[in-house]
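Take this structure first; my questions come after.
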Amino acid sequence: MLKVAIIGATGYTGLELTRLILKHPKLQLTYLTSERYAGKKATEAFPHLLGFLELPYQKLSIEGASKESDFIFTALPHHVSMEVVSAFLELGKKVIDLSADFRLKDPQTYYLWYGKSHISPHLLERAVYGLSEINRQAIKGTSLVANPGCYPTGIILALAPLLKEGIISTEAIVIDSKSGVSGAGRSPSLESHYPEVAEGFKAYRIGQHRHMPEIEQELGLIAKKNVTISFATHLVPINRGILNTIYTQPIEEIDTYSLLKLYQNFYENEPFIRIYPPNIYPNTVNVRGSNFCDIGISYHDKWKRILIVSAIDNLVKGGAGQAVQNMNIMAGFEENLGLDYIPLFP
Amino acid sequence: MLKVAIIGATGYTGLELTRLILKHPKLQLTYLTSERYAGKKATEAFPHLLGFLELPYQKLSIEGASKESDFIFTALPHHVSMEVVSAFLELGKKVIDLSADFRLKDPQTYYLWYGKSHISPHLLERAVYGLSEINRQAIKGTSLVANPGCYPTGIILALAPLLKEGIISTEAIVIDSKSGVSGAGRSPSLESHYPEVAEGFKAYRIGQHRHMPEIEQELGLIAKKNVTISFATHLVPINRGILNTIYTQPIEEIDTYSLLKLYQNFYENEPFIRIYPPNIYPNTVNVRGSNFCDIGISYHDKWKRILIVSAIDNLVKGGAGQAVQNMNIMAGFEENLGLDYIPLFP
Amino acid sequence: MLKVAIIGATGYTGLELTRLILKHPKLQLTYLTSERYAGKKATEAFPHLLGFLELPYQKLSIEGASKESDFIFTALPHHVSMEVVSAFLELGKKVIDLSADFRLKDPQTYYLWYGKSHISPHLLERAVYGLSEINRQAIKGTSLVANPGCYPTGIILALAPLLKEGIISTEAIVIDSKSGVSGAGRSPSLESHYPEVAEGFKAYRIGQHRHMPEIEQELGLIAKKNVTISFATHLVPINRGILNTIYTQPIEEIDTYSLLKLYQNFYENEPFIRIYPPNIYPNTVNVRGSNFCDIGISYHDKWKRILIVSAIDNLVKGGAGQAVQNMNIMAGFEENLGLDYIPLFP
Amino acid sequence: MLKVAIIGATGYTGLELTRLILKHPKLQLTYLTSERYAGKKATEAFPHLLGFLELPYQKLSIEGASKESDFIFTALPHHVSMEVVSAFLELGKKVIDLSADFRLKDPQTYYLWYGKSHISPHLLERAVYGLSEINRQAIKGTSLVANPGCYPTGIILALAPLLKEGIISTEAIVIDSKSGVSGAGRSPSLESHYPEVAEGFKAYRIGQHRHMPEIEQELGLIAKKNVTISFATHLVPINRGILNTIYTQPIEEIDTYSLLKLYQNFYENEPFIRIYPPNIYPNTVNVRGSNFCDIGISYHDKWKRILIVSAIDNLVKGGAGQAVQNMNIMAGFEENLGLDYIPLFP
């Protein structure tokens, strides 16, 4: 059994890691931190865990965590994470970081979008961007994975085959994304206050979302050229789920059948990518609670546009699930170990 | 007092007409039809109306309705509506039809998208497309208004200034629309069954939505040239509201300030169009229960794209409210009479 | 036009007062305070008000408010309210206080349940408990109304006829109440954080809810004897609405027909009480956005129990609407002036 | 591997059985029926199952099912179920019936509440009421389990310790229950139509719910005397979950501590019953997707009442999960095999 710690265990990502790790056949949860709930047993704060967990939450001690665990998941806010991560690396631990701190390769870009200088710029090169399906080989060999953001995960997976094959224009790809509310985290704020969200639907941070540079960076690496996106994010009154509707311009005419073939081949042996049959499009409920990324694709003759729709559960494939998938890769386990959940419908 | 009938009074549009007409200072509701609830008092079926309404529902009689009323709102399913409407017109009544039957000018297009030959093609020319802000003059003089669909209303209002002024490319404008569930009507179906919808978000009928030809027809008339759209519709788990996110390509560079000016001028004296200040975007809750169309607009330098976000309450500005607005125009009343509601927030 | 101020205008109750007052034919809104939004125009913070309001929010100045307005609505947190209210009274203003500070007659009870000594115990006697239907005469003559809590309003109205007539036992009446989330106010907290609430249903503060002493006090005054209640509160994932299910034991056998008669007579000329026909029970959507209290009642032979179900919109009849109703009474206006809204369904 | 069939596999209970059985380590799903989807592969109708299931749906053939499977789950509407069940029993199959057809011991009562004469009254005695925790021994030995209704499951488990020990009065126990919408099944109807349900909360079928006789029958068996309940059901706008708030009168004074002790002992080795610590009450989200029944209990001195709050996921412990639990008992498997899910929060 591999002993693992969750640093920042009481945000939604930390809680979802807890759920997945507790049932993972080769993992043992040995250390949980929470500034807010330190000293409490996990089940006092979260009765849904009753019967599964005896561990208490504690305040973070790098040494304590390192003594108890061999593998570290950090699920902390950005800025906070970078300090903690480098400390664990120095102690020889393997780390999967679920914050944004190690996703951007360029410290300048980090400063620009996150408003603070990076304290360990040397680690940025070393960190592997943990989109499992795309960077599997590099993930296998690293000790630091930067787990992707929730929006980027569903978007990059949806576009990778087209960009890899050079099928579409790389300029101003239109990406219209919609996210459930758990994506904004567990800290109370007016933006996630129930009566402000329920029965509403809104666009927010158009052209200003911090996931934009991350998406463009990774799409560029796949396309081997500069990629720009027109990116609008929206808030859906649901707990879990992201759906992306993506409009692209093929360089030459194409047809839906060829596109489906391309995607099926590209993701042939992937346990967590499901390509939909023609004329059916993803729905966030079809992936809820699971690690799947569902993809529907079609070519529209009249518009000369390829449309791709992708859906993930932002807390699983868009967070904790992909982190466990990456850990499976790093540890040499089967990739879907502890992740083989059927989505919860309805 | 103008005596009005609602033909098809127990769908959501019919019920919303009921709400608005009962409080309209110059209207008297004299005749209500419902096949399902015929013989019942309205308040037996709909307790929210208790205290406001003594009328019973009855089965439709053209003669009966014509005797009791001078002005007819038809809120029937398509196909059914066209027969009824022509009968009322022959009896000299003014009619606002809320179905799709008189929106498309070309009977061929009607046949193609609605699967049935039009029985009164001669009326198609006579019918005025009732987007109040765009066709006010024609509405004033007609006896038959084809009230616009819910998606087209918010979309055409969002694009009209740009197309009128020739600012954007008219090819494959990307329109990503999201609608609440009441837009699908009150007939039970799996698509609107609570557990199939709640906590989910999905794309549906991509490239196949019946509002597409209606939108392209009207945008074309405004642009005075052919307009094509890339149109994807989505279902949001809310009752009321449509939000459209629209991505357009300006022919020349422009800036947000000029765009705001353009929109403010274009809609200067409109009581129901609200242009948002920079960096704020519409939210469906800000228009709920009201006849407003809220519009946010911005130019994105890096993408060379103009983004427009518009929001309406699909049952009010996207249905019953715009119908009453058109009736106000036809009857020579003040245009916002009986429609001046503050949105219900939260 | 009567000039009115809202002190604490940006909580949900303050916003609902704003909505109602802006459309009230005899009121003019002259002064709005908000600590959080001071200096901003109302519409900057709340775009749903665009086009209705030019006033800015300002920090509270008792003098400023008194100069601009003749009638004061205080919608502040408890503890804060009592200081402000007495200052306005000293300046000769009429005040309707929507906090809990003047509802309890006994300062001891106030201390016990709200954890602070009352600073103006002499005002407690002078304050009139503003349940309009029950205390109309006293409201007419007072300068200080303590507007009832949201739970108490629907509960007292549901029980008043039975207690007035001495029909039921006054011991441990079972009251099972369910409230929408706006009842908890607009301050962000984990309890009202969207993902903690959506898709859930829970009981909370059983036997410890602060509305309990208020309910028992007022029921006791109606029954002219001590009344105790078994009171459990629950949180429903909706924005607006409270539904109470009340189980009582009649002293003698009775039947549904007599009960309906009793209620219809008791509330005969009340514009805002709607008694349901047999076998139909209230639904919060039937009162949404309106000032109604809907009541269904039945006698169950086998159980020897009378069941009453009542529903209100907690922000209207349970807050801002009843406050305006009380203001109408105090000012000698028609009681339903500015309150005659048809509920928003769906 | 035990081969199992689901008869009626495309209602919500059938789908939930599918989810649980597919992941059960000792079960093999060999036969699925659906009148509606016959001929389709399961994944065509339900994309959330993509990758888990190759079986097609077929029209029911008793022989076909019997040839393919050794164990039968029937998830059909009442009336339909009784015919099918007896046919399977005659062929020597073990059956767990999830309809109401075999729950009531008295055919008269069945006729009264379900409006049809029972065609196999002789089987009513033989059927074992499948509340696993209460009837484990009888379940072990039977070939026909009548799986309990969703309301009865959470209610009986909440009351069993008190009634078994004779602690409370058995007259008119007040049970106030709230259910999510999936409890009404997957057939479209106005009652479960999204816009009729969302943002609302209502009481329905007060004193007329069909689960009433079932609850009273089983409580009576536990108490060894007649038990009557005052039972009101409500609809909550959530997909999954039932919460029951139960008000009882103890015969003698008692305290919360003793009650907790009693419940902890009574359910000591039960894998699916979780007794909450004092002052915390269940929330449906804490059991979502799991087979738990969570129970909170307290004594209220002032009221002389014991309050119990219980919560289950109606599709799991209130349906498919308990059916699998019963199957585990009948087959001699560990009782929580294939059921050991951590609830999905949020």
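When the chains are written out, they are named A, B, C and D in that same order, and each has its own residue count from 1.
Simple rule for what comes next: a residue touches a chain if its C-beta (ideal position, glycine included) is under 8 Å from a C-beta of that chain, and two chains touch if they have at least 3 such contacts.
Computed from a prediction, not measured in an experiment: that's the story for all the values here.
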item: Of B-D and A-B, whichever chain pair has more C-beta contact pairs; value: A-B
item: Distance between the centres, which are taken as Cα means, of subunit B and subunit A, whole angstrom; value: 39
item: Length of the line joining the C-alpha centres of subunit B and subunit C, rounded to whole Å; value: 36
item: Distance from the mean Cα position of subunit D to that of subunit B, given in whole angstrom; value: 45
item: Residues of subunit D touching at least two other chains; value: 12, 180, 182, 195, 198-199, 237-240, 282-283, 285, 288, 346
item: Category of the chain touch graph - line, ring, star, complete, other; value: complete
item: Touching residues on subunit A, where the partner in the complex is subunit D; value: 12, 15, 19, 22-23, 44, 46-52, 182, 198-199, 239-240, 271, 274, 276-277, 280, 282-283, 285-289, 292, 294, 340, 342-346
item: List of subunit A residues in touch with subunit C within their complex; value: 12, 180-182, 186, 188-190, 192-195, 197-199, 237-239
item: Of subunit A, residues touching subunit B in the complex; value: 172, 174, 176, 178, 180, 195-196, 198-204, 206-207, 228-230, 232, 234, 236-241, 243, 245, 247, 281-285, 288, 296, 298, 300, 302-305, 307, 309, 311, 346
